[in-house]
Each structure stands twice: as structure tokens, then as C-alpha cells.
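What follows is a pair of complexes built around subunit A, which joins subunit B in one and subunit C in the other.
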Partner chain A sequence: MTTATATSHNELSKALGYIGVWIKKIPPVYFFLILVFLAGGILDQVLADGQIFKNPLIMQNIVVRSVALGIVAVGQSLVIIGASIDLSVAYTISITAVMSSYIMQGDPAKVPTAIIAVFIIGAAIGIVNGVAITKLKVNPFIATLGTSLIIKGIINATFSNYTGSVPKSFEYFGYGTIGPIPVSIIILFLTVTVGWVLLARTKFGAHLYGVGGNAEVARLSGVRTDRVLIGAHIICSMTAVLAGLFLVSQMRSGAPWVGPNGVYDLNSIATTVIGGTALSGGKGGVWSTLGGVLIFGVLETLFNQLGVNPYLKTVFQGAIIVMAVASYTIRSKKEAA
Partner chain B sequence: MTTTTVSPTNQFSKALGKIWTWIKRVPPVYPVFLVIFITLGIINPTKYQSITGIMAFLRTASPLAVLAIGEMLVLASGGFDLSIGSIVTLVVLVSSKLLANDPANAYPAILIMLGIGVIIGLLNGLIVSYLKVPSFITTLGMMLLVKGSALYYVGGAPQGYLTDNWRAFGRNYFENVPVLGRVPYALIILIVLSIITYIVFNRTNYGKQILMIGDNVRASQLSGVKVRLVRIITFVICAVFAIIGGVMTGGYGGVNVTIGEGYEMQAIAAGVVGGVILGGGKGSVPNAIFGAFTLQAIVNLLNLLGLPKPYTDAVQGLIIIGAVAYVGLTSQRKK
Partner chain C sequence: MVNVAEETIINTAEAIQPTVEVQHISKRFPGVVALDDVSLQFYPGEIHAVVGENGAGKSTLMKIMSGAYTPDAGTIYLGGEKVSFSHPREAQLKGVSIIYQEFNLLPERTVAHNIFLGREPSNLGALDTRRMNKQAIVVLKELGVEKMISPTAQVSSLSVAEQQLVEIAKAISFKAKVLIMDEPTAALTYTEVNLLNDLVGRLKQRGMSVIFISHRLKEVFDIADKITVMKDGKLIKTVNKKDVAPAEVVFWMVGRTLDHYFPPLGTPEDFGEVVLKVKDASNQILKGISFELRKGEVLGVAGLQGSGRTELAQALFGVVPFKSGTMELHGKAIAIKSPSRAIRHKIGFVTEDRKSEGIASRQPIRDNMLLTVRAVRFLFGLILKDGTPSSRRLVPMLGKQVDIRTDSFDREVQYLSGGNQQKVVLAKWLASDADVFIFDEPTRGIDVESKASIHDMIRDLTKKGIAVLMISSELPEIIGMSDRILVMADRQLAGELPAQSREQEIMLMATGHSKDDAAESPAAAGVN
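Let's look at the complex of A and B:
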């Protein structure tokens, strides 16, 4: 009798232990996300029509809103884990949007050509970034700022307004659904999963953490640090291209301002850091970045619900970025720089 | 006989060697600037080989140089300040409303702006020091906060214009100066600020402590440096310099909601062209100023060549990467 209860008690505590381990594995940013969501929902109940809690579609909307930023943020997380940074993603998105729409010209037959072309452009941008950083030893901040200016110049010299259009079939990416789930959400989760597999399950990922943690140690242990970093930059530019393709399929025609207007460069960095990836590199992951991106999505939905003045929206966004990061850096014993 | 002939050549080569080591010690930003400025002079001799032309160039380049000095201090301490571009926008937009088109309000308005600068700098410094938020994120948030507040305060569009006495700091000249002819107010402001900062940075404990923190925070803490205080002062100086730079920019640029856009990146680029290492531990006041002059000279050169604005962006990007690669690779070789 006593032994029986003891074992069942034991099993229960064991099960609880498992759950505890499992909960500990959830990046802390998701608790912050839930908090923001609940606080936002309550504010919405009090001040507006309470759609956030009542309307299940709004949950879906929050995720759809986050797709473009989420995809770029995966790439940004990779380069930041490698102790680099990419400020050129916003204009990479722009050049993808205008070039793909310009090549397609509404013709479904030209879709594959356009997609291949923009991915080649993306790879080229990633290689230029990576080579400037690793071989020319230009600081990543300056190198990608430079390429960003170069792409900006090229786009603005060539296109000044909506250019070309995408065929109806291509809009499937932006508006289609598989069953009840939008295609865009599936692509977002696929991208995050691929990012996670790369980081957690491949040699490349292990090397990238090594390079970000201490490049010299990684090099001395036989990692080809330059190649790893160039690879991360190519992947990052590719994610920007994918985000650009998603945005152009939603807009139906490419515009040169789509990247900078969305502030995808600084926002992708902010969401990565909010997720818990350190700017100094060697630490972090893509699932936590997704949490940061979803916080942005919730906030944007909330601001729309409440009809907040667009300039105040910017003010709140700034304050929330700092508070979100402060919520876990405050316990750190190390001085920040 | 042989010895007498050898020794003079020996001395000569020794002297040459000395000059050569001296030349090698000149930071690469100076030759880069000289090459670009001489090219300017060759293309447009009437403008860039006359003192008036050079003074006009210095008037346009001074605001960025002031911003670059402040930014350099933060960069040398190992941080970033991304909020200075927004501060420039704030100065111009909020002043345009505060002035209410009355010249009598000009100096009070500037004092208020300087006060706001101190507050922004304090906030940046306190958040980085006490909440331990990396300065890249802190000042990114501050950039949004400052820009949003400024636009909200004026309702999204400039209210009124900037009075002439407010604009004098960025636009006017001292006339009839002996030898130089006309000297822009902006240049005098830059010279005064740079001398003060040079003395503070090179001759005081505080200045050494900025570099020390940038080099190794832990070591400086252990040797008794008040890391947080030093950081906070540095952010305050940077924000106040951004306010002064904003007054100078508004002086010749006029009222515009996008006036400060991209200034933070240019100031950082100026610092890096001037040999600052992002991550801290290295910096120099004169080199940062000439970094800013170099960037401005590049812009003028591209305008002079008649390139349309978009190409100017592209070529500027290329040159920034090139200049930084050159500066980086040459200083690396020295090690």
C-alpha cells in the first residue's frame, strides 16, 4: 500500500519534472509575448471594441503581419550569432520586390525566371557583404551600411515608382491558404524550422556559434571562419529575398520604398535581440527571435485597434524595444556597452 | 676617404628613414582627405582653390564634424549612439514651433534644446549603465522615441520657419577677417568644441578612462574606474553635441522633417574613417573631424561630377567601404 502510493507519487513528481524541463526549454521571450498579448487584450477590452480576445481571426492576422519581418529576422539571427550584423536587408528586400515584379510583368511563365534572378542577386549581395567583412576586414556594421547605400543608389537610379506586376498565380504566396492556414504562415514556420535545423543540427551551425563566440579560438581549432561567416551572410540575404518575394506578392507590384519603409534592417536586429540573441554573438536561436517578431505583431495589431496616433506609435515602439531587452539584461552582472 | 663619403650618405638615408617613419605614422585619413580635396580643386579650381571656397566647404562640413566628435567618444568607450540623427530632426522641428516666428525666442529655444539634449543623453547613459541594455538597442529605441515625439509635437509637419538669428550659427560668416576674408560661425563653433574635447579626451583622467572602458571594462572596474559615470557623461556629451550639430544643420538646411535622417550612420562612418575601432579602445578628435571632412568632400566631389543623387548614394557606399578597408588594412599591417 505505502509502496504503491510512493511510486505513484514518484511518477507524478517525475512527470512534473519533465514538464519543468520542457518549460525551461521555452525561450523566456514567449512568456513576455503572452504578457504583452494579455495586457494588450485587456487594454483593447477597456478602450476599444475588444476584438483581440473575441475574434480568433485576429490571432491569425498577428502572425500574417509578422511574416515578412519574421523571415528576415531568421537570417539576421544567423549573422548576429556569428557576431556580425546585416544593415543591407531592407534594400535587399526592395531590390527583390522591384526586380521580381519587373521581370514577371504579370506573366505566369516568367515567375521561375524572376525567382531565380532575385535569388542570384541576393546571393551576390551576401557574398559581397561576407567578403568585405572577412577578407577586407571591414567592420560588419560599416560594410553592410555601405552595400545598403550601393543597393539604394542602384534602385533609386533605375526605379522611382511601382514597377511591373505579379501574375495572379503568384499572389498565392501572399494570399493563398492551405485548408484554414495561410500559405505565408506555413512559409514563415518552414523558414524558422530550416534556420533552427541549420543552427542546431548541422556542422555549419556549430561552427557559426564557435565563430561568434570566439573567432580566434574557432580558427585555431580548424574552423574555416571566413567561409562560415560568408555562408551566414549569403543565407541572411536569401531570407531578405524571400521576404521581398512575399511582400511583392501581397502588394501585386514592386515599389522601391517597401524595404526602408518597413525599417526591416533595424527591426530585424531589434526583434533578434528582444528574442535573447546577444549582439556580441555566439549565443541565441531562431525560435526565440520568432517570439520577438510576434511581440511586434501583437503591438502593431493593438495600436491599430486603439487607433493610436502614428507618431506616438513610433514613441511606444522605441520605449517597448528598450523595456523588452531591459527585462532580462537587468539581472546581468556584466556591464553593457 | 671612403669613410667620409659613406657617412654623409648614411646620415642622409638616416634622415630619410626618420621622415619615412614619421610619414608612416600619419593616420591614413589625412592622405585620403588630401587626395579627394585636391581632386576637387583640380575639377573646380575657382571654388576649391580659393579661401572663400574652402570656407564655404568648412561651413557645410562643420555640423557633421561636431556630430562625429560626440559619436567618436561613445564609439571609443565601446558603445554606439544611433539616436543623434533623430536629435538633429528634433532640434529643427521643435525649434520651428518654439520660435513661433519671433526672433526674440531664438536663444531661449536653443537653451531649451540643450536641456533636452542633456536629458536624452542621461537617459541613454542610465539605461545602458543600470538596465544593462546594449547601447545599440538603447539608442535605437531612443532614436524612435525622439523622432516620434518630435513629429507628434509638431503634428507631422514643420510649424513656421526658423528665424534668421537662430539660423546664424549654421549660415552666417564673420566678415572682413584679415587674411581669411570670411569665416563661418560654424567653423568657430567646431574649433572651440574640438579644442575643448581634445583637452578633455587627451589630457584628463576622464578621457583616458573612456579609452580604458572601451578596451576592457572589467579591468577598468577593478582598477577603480567609475564605469557607469564615465559612460553616462559620454552619452550626455554626445547628445549635447548632436543638439549643437542640429542647430548648425538647421541653420543652412532649413526646416525639413527628414533633415536628420542618416546622420547617425554618417557620424559613425566618419569616426571609423578616422580610425576608430567599433567595439572601443581607440579614437582621436582630429582624426574624427577629418573623417567627417572626408565624407563631406566625397559628397561634394560626386555632386561636382554631376552624378544624380541616387548614384551619389551608391558611390558613397563604395567609397566608405573602400576607405574603411584601406584604413583597416594599413593599421593592421603596422601591428
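Let's look at the complex of A and C:
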């Protein structure tokens, strides 16, 4: 009898132990997400009698609003883990939107050509960024700011307004559903999963953490550091292209301001950092970045529906960035001590 | 002398081929001959310690053997075969691994990821984590530490000693035949050192050549089979441990005359009352520090790397403050919790690392000189107290005082020589009216001429009634400048020695031997 209770007690504590291990594995950003969500619920009760959170599709809305940012943030996380950064994603999104829509001109037959063309452009931007940083040794901030300005200039010189249009079939990307689930959400989760596989399950990922953690150590261990970082930049630009395609399918026609208006450059960096990826590199992951993106999604949805002054939203975003990063720093200091 | 030494070595297995052999290796750096015609053999199953003072050329030799430097002349033989390494990676693949004092690990990654970085087991780019962890366990088992260290543990969660084991595991995983360790015990506690020694013993039994560089003679005598002494880039002697006494080794390490002019030491009239009194002070690094500093004296602080010298200066200046114990300044109890507090108490700190802590290299001389004054005196230059010379007059005055050679005080400090930069740092503290000066390695990396003028300046400060605490790793400097000498070992004060003590006495105290050993040892007594 006593032994039986002892075993069941053991099993219970074992099970609790497993749960504990699991909880530890969840990136801390998701606790922030829950907090923000709860705070949003309270705000909703006070200001709108709970109208917003009563909507059964609230969760789905939040995620749909996060799709474009989420896709870019995956790429941004990769380069930041490699101790680099990419400020050119916003204009990469813009050039994708206008170029794809311009090539398609509403013709379904031209969709594949357009997609291939914009991915080639994206790859080229990634290579330019990566080579400038690794071979020409330009500080990543400056290098990508430079490419960003170059792309901006090219777009503004060529297009001034909505350009071309996408065929009806292409809108499936932005508005279609598979069963009850929007296609866009599936694409977001696929992107995050691919990012995770790259980081956690490939040599490339292991080397990228090495390059970001200590490039010299990685180099002395035989890692081809330049190649790894150029690869990360190519992937990052590709995610921006994917986000651009998603946005143009929603807007039905490409506009040159779609990237900068969405602040995809700074927001993708912010959400990566909120997720817990250190700007100094070598540490972090894409699932935690998704947490940061969803926090921004909650704020976006909430403030949009409440109809409050949208600038108030950025106040909250700023506060959350600072609080999140401060909490990580304090935590890691405690661990060190 | 070298020939005699070589003949006296009786190798137990002379027929055995050395694992590594270097012949007539020379290496110059601008202005210094780091290695001068060094030839040395390392045999399998042997623990070979290389000892010498700072700048003796030990590290340079190891870096050449491990491919980080290429020699100007000479050859390296690996298992009898002539080799030349253009990259550390090449040496590693051929079986020569080196572990540096600062770790080369990725703290945020797991043990297995660190061991196999750049060589991860994979299929078509897909990481085989399971195989990698299994292989890591195999390597850790070889070291007998598989129960202590899990391959999936994050490196930052390990202790310093455990991280060192990971470094060794990484080296072993390259099938190393030669393992070079640069000051492996510098950061370890006593029990950790024992653990490391055990491990090194086991590697030796497996026929590996273990080479280690150390300052700590006690440990050298605990584990080494052979000892090579280097000095000023030359090989002095290689001996079997059992044939020598520590004092003899110390003599070979330091046996030289002082070849540098120092100003005369202070006289009893110069010394005034106790300015700074520290009692039983400890922090996370230092333990039970007690000493007194008098007006007008230079109190030298000697000790090996890692003995806590720099940490003492940082504690006194509030960078890493003392947490317990008492500090009195001019008879009043004070607590220095931050550098700005220290500056207000008129303590100046000339740091060891001039580039990162001492100067703002892109700022002109003028601004550098006024940095501390501006920090403590609000709006200096706009609002001036009576009697304070304006910055326009202060800067040339300071420049004259420290004898700086420059055409303009608007020149950026980065364009000055090391000696002149150090003078700028000095001027900065003179400007702040400090009456206690802490110098940490005041003449490191400075040409001989400037060295002498900085020594003169330090002595001049004491003539003005300033109390000086001078930390240095150069024993001639300690002996030439100090009115009293504190010796640190293991993050505590090991003892105090009078002015003009001999290098041997200081070294013995600093390496953990008592003062009595020095007195008894015939070799040490026979010097000078």
C-alpha cells in the first residue's frame, strides 16, 4: 500500500517534472504575450464592453494581421543571430510588391514569371548585403541602410503610385482558406517552421550561431564564416520578398510605400529582440520571434478595433520593447551570478 | 650553458621519437626579438612545463607550434616529418591542439555543439544531433568526465573548470597527439586544479605530449616531468623535474641584472602619515586585504597574472568595490562604491589597459586632460571657482608638468606614441588634484625612454606628498621603484617585503612558497 502510494507519488512528481521542463522550454516572450493579451481584454472591457474579445475570430484576426511582419521577422532573426542586421527589408518588400504587380498586369499566366523575377531580385539584394558586410567589411547597419536607400531611389524614380494589378487567382494567397484556416496563416507557420529547421536542424544553423556567437572561434573551428553570413542575408531578403508577395495579393496592386508604411524594417528588428534574440548575436530562435510578432499583432488588432489614436499603439510598442529587453538582461545577469 | 643543459637530460627512452620538435626557431616582432634560435623536443607520454617571466617568449613559441604564428626561421617536425602550418586549423587536424587562457567557446551553445563546431555530423546538411551528442559522450568518456558534463548542457551554465574540460574535450576530439595549455590553472580553484592535474596525468598515460605554460611553480613541480626555462626569447635550460629545486628554476627565470635607470627611492623624510588604510577588505574576487599607504611613498604591488593585482586596483577605485572590511582615507572611514566617488575622494587610477580604459583616443589631448575635472566639477570652463586656472591655462601647464611632446594640444590622442598617451592619462589625474594615485602597469608597451620619464614622474609625485600604489608585473620595475612591496598570490596578500628585495624573494612568495624557502635555498642566496 505504502509502496503503491509512493510510486504514484513518484510518478506524479515525475510528470510534474516533465511539465516543468516543458514550461522552461517555452520562450519567456509567450508569458509576455499572455500578459499583453489579458491587459488587452481588460482594456476592451473598460472601453468597448468586451465587444472585441467576444468575436470568436479574434485569435485568427490577430494572427492574420501578423503574417507579413512574421514572415520578415523570421529572416531578420536569422541575420541577427548571425550578429548582423538587415535594414533593407522594408524596401525589399516594396520593390517586390510593385515589380510583381507590374509584371502580372492581371494576367494569371504571368504569375510564375513574376514570382521567379522577384525572388531573383531578393536573392540579389541579399547577396549585395552579405558581400558588403563580409568581404567589404562594411558595418551591417550601414551596408543594409545603403542598399535600402538604393532600392528606395530606384522605386521612387520608376513608380509613383499603384502599379499593375494581380489576377484574381493570386488573391488566394492573401484571402483564401483551406478548410477553416486562412492560407496566409499556414504560410506564416510554414515559414517559421522552415526557419526553425534551418537553425536547429542543419549545419548551416549551427554555423550561424557560431558566427554570431564569436566569429573568430567559428573561423578557427573551420567554419566558412563569410558564406554562412551571406547565406543568412539571402534568406532574409527572400522572406522579405515572400512578405511582399503576400501584401500585394491582399492589396491587389503594388504600391511603392507598402514596405516603409508598415515599418517592416524596425518592427522586424523590434519583434526579434522582444522574442529574446540578442542583437549581439549567437543566441535566439524564430519561435520566440513569433511571440514578439504576436504581441505586436494583439496591439495592432486591439487599437484598430477600439478606434483609439493609432499613435498610442506605438507608445505601447516602445514600452514593451524596453521592458522585454530589460527583463532578459536582468534574468541573464541573475543566472550568471 | 645551453649545451651543458642538453647533455644533462637523461631521457628514459632515447630511442623514442619526439612527438614534436622545433629546431632553431626565431621570431621577431617590430622592435623585439620574441624568440631567438630555440630548439626543443617534446616526447610522447610526457608532461613538459615551459616557464619564464612575462615576455620570455613562451606564448610565442606555443603559438608557432599551433599554427597561429609562422616563424621567421627554423623548422617544426611532427613525428619526424617536417611541417609548416599556415592556420591553427591545419595544426589541429595534424594533432596539435592548443587551449588558450581565454576560452574559445560559444557560451550560448551546448557542449556537443562546441566540441564539433565546424565538423558537425550531418546528412546532406541536415544536422544529426543524436549522433553528435553520442560522439560527444564518447569524447567526454575518454576524459572520464561524462558524469560531470552532459553533451546537451549549455556552456554558460558550466563552471570555469568544466568549461576548460570542454576545451580539452574539443582538443581531444581532433585526435590530438600534442596538447598545449596556456596557463590552464589561472582561473581555477584548488580542487579544480587537482581535477585538471588528474586529467592531465591520464592523457599522459595515453601517450600524449602535454605541454603547459605556467607561472605557478608549485603546480609545475606537482605535475611536470620536464621543465624548460625561457628568458628574453632564449631557451635557458631543459631539465628533469626531479633533478632541480624550485629556487634554482626561479634563479634561471629571473637571473639578470637591472639594466634600467630608476630614480632614487624615497627617504624616511619623504614619508608622512598614513593616507589610506584598508582592513580585512573582501569582495567577490579578493579575500581579506589589509594594508596601509603612506604619504610620499611608492607602494609596489607584485604578483603573478591572476593573483588579483588588477582587481585590487579596481576595488580601491570602486570599479568592483569591496563588499566587506573597512577603508580609511586621511583617518576618516569611507566607502568607495563607484569610480566617481573615488575621484571625489581624490583617488586617481591610471589603468592597465590604456586603450580601452585610459584615453578617449579620438578626442584631442586637451579634452582628455580635462576629462576627470569636468566629471567632478560641474560646468568646468564656464563657471570657475576662485583660484582655479582656466582650462586655457591649465592644459599647457599640465602639458609642461608631464613633459608631453606634441605640436598642438588639439591633436587627437590616437596619433601619440604609447609613452605620450600615458602622459596624457597622468595629466588627466594631475588636473583633478588627486592625492592618492593607483598605477596599474604604468609602463606596459612603452619605449625605454618614456619609461624612464614616467618613472621620474611617479617619483616626483611622491615628492609632492602624493601616495602612490603601483601595480606591475615587471619585477625590475617593482624593485626599482618601490619603497615597500606587497606581494599578492591567490587573490590575497601573501606578504610584504622591504625596499630592494630580490626578485627571487618576490617570485617565491608570489608562487606560493613561503619566505623561509627563499632564505634557505642556496641558489637564491647565491644571486647578485
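Here is the rule we go by: the second predicted complex is superposed on the first by the 326 of 337 C-alpha atoms of A that agree within 3 Å, B and C clash if a C-alpha of one lies under 4 Å from a C-alpha of the other, contacts with A are read in each partner's own complex, and residues count from 1 in each chain.
Everything that follows uses one rule, which is that contacts are C-beta pairs under 8 Å (C-beta built on N, C-alpha and C of every residue); 3 or more make two chains touch, one makes a residue touch a chain.
All of these numbers come straight from a predicted model, not from anything done at the bench.
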> With both structures lined up on subunit A, is it a clash or a fit for subunit B and subunit C?
Replying inline: clash
> Counting only touches as set out at the top, which of subunit B and subunit C does A:Val223 meet: first, second, both, neither?
Replying inline: second
> Is A:Lys283 in contact with subunit B, with subunit C, with both, or with neither (first, second, both, neither)?
Replying inline: second
> Is A:Leu145 contacted by the first partner subunit B, the second partner subunit C, both or neither?
Replying inline: first
> Between subunit B (first) and subunit C (second), which, if any, makes contact with A:His207: first, second, both or neither?
Replying inline: second
>> I'd like to know which partner A:Lys110 touches here: subunit B for first, subunit C for second, both or neither.
In response: neither
>> Under the stated touch criterion, which partner chain does A:His233 make contact with: subunit B (first), subunit C (second), both, or neither?
In response: neither
> Which partner reaches more residues of subunit A, subunit B or subunit C?
Replying inline: B
> After lining up the shared chain so the two structures overlap, which partner does A:Arg65 touch, if you call subunit B first and subunit C second: first, second, both or neither?
Replying inline: neither
>> Considering only the listed stretches 361-369, 379-387 or 505-513 of subunit C, which one runs into subunit B in the superposition?
In response: 361-369
> Touching subunit B and also subunit C: which subunit A residues?
Replying inline: 335-336
> In the complex formed with subunit C, which residues of subunit A make contact?
Replying inline: 200-207, 209-210, 213-214, 216-218, 220-223, 282-283, 335-336
>> Using the touch definition from the top, list the residues of subunit A that touch subunit B in their complex.
In response: 132, 136-139, 141-143, 145-157, 266, 269-270, 273, 279, 309, 311-322, 325-326, 329-330, 332, 334-337
> Can you name the residues of subunit C that touch subunit A in the complex?
Replying inline: 88-89, 104-109, 113, 117-120, 122, 125-127, 129, 156-157
> Along subunit B, where are the residues that touch subunit A in the complex?
Replying inline: 77-79, 127-138, 140-149, 151-152, 156, 213-214, 217, 221, 227-228, 265, 268-269, 272, 277-278, 280, 308-318, 320-321, 324-325, 328-329, 332
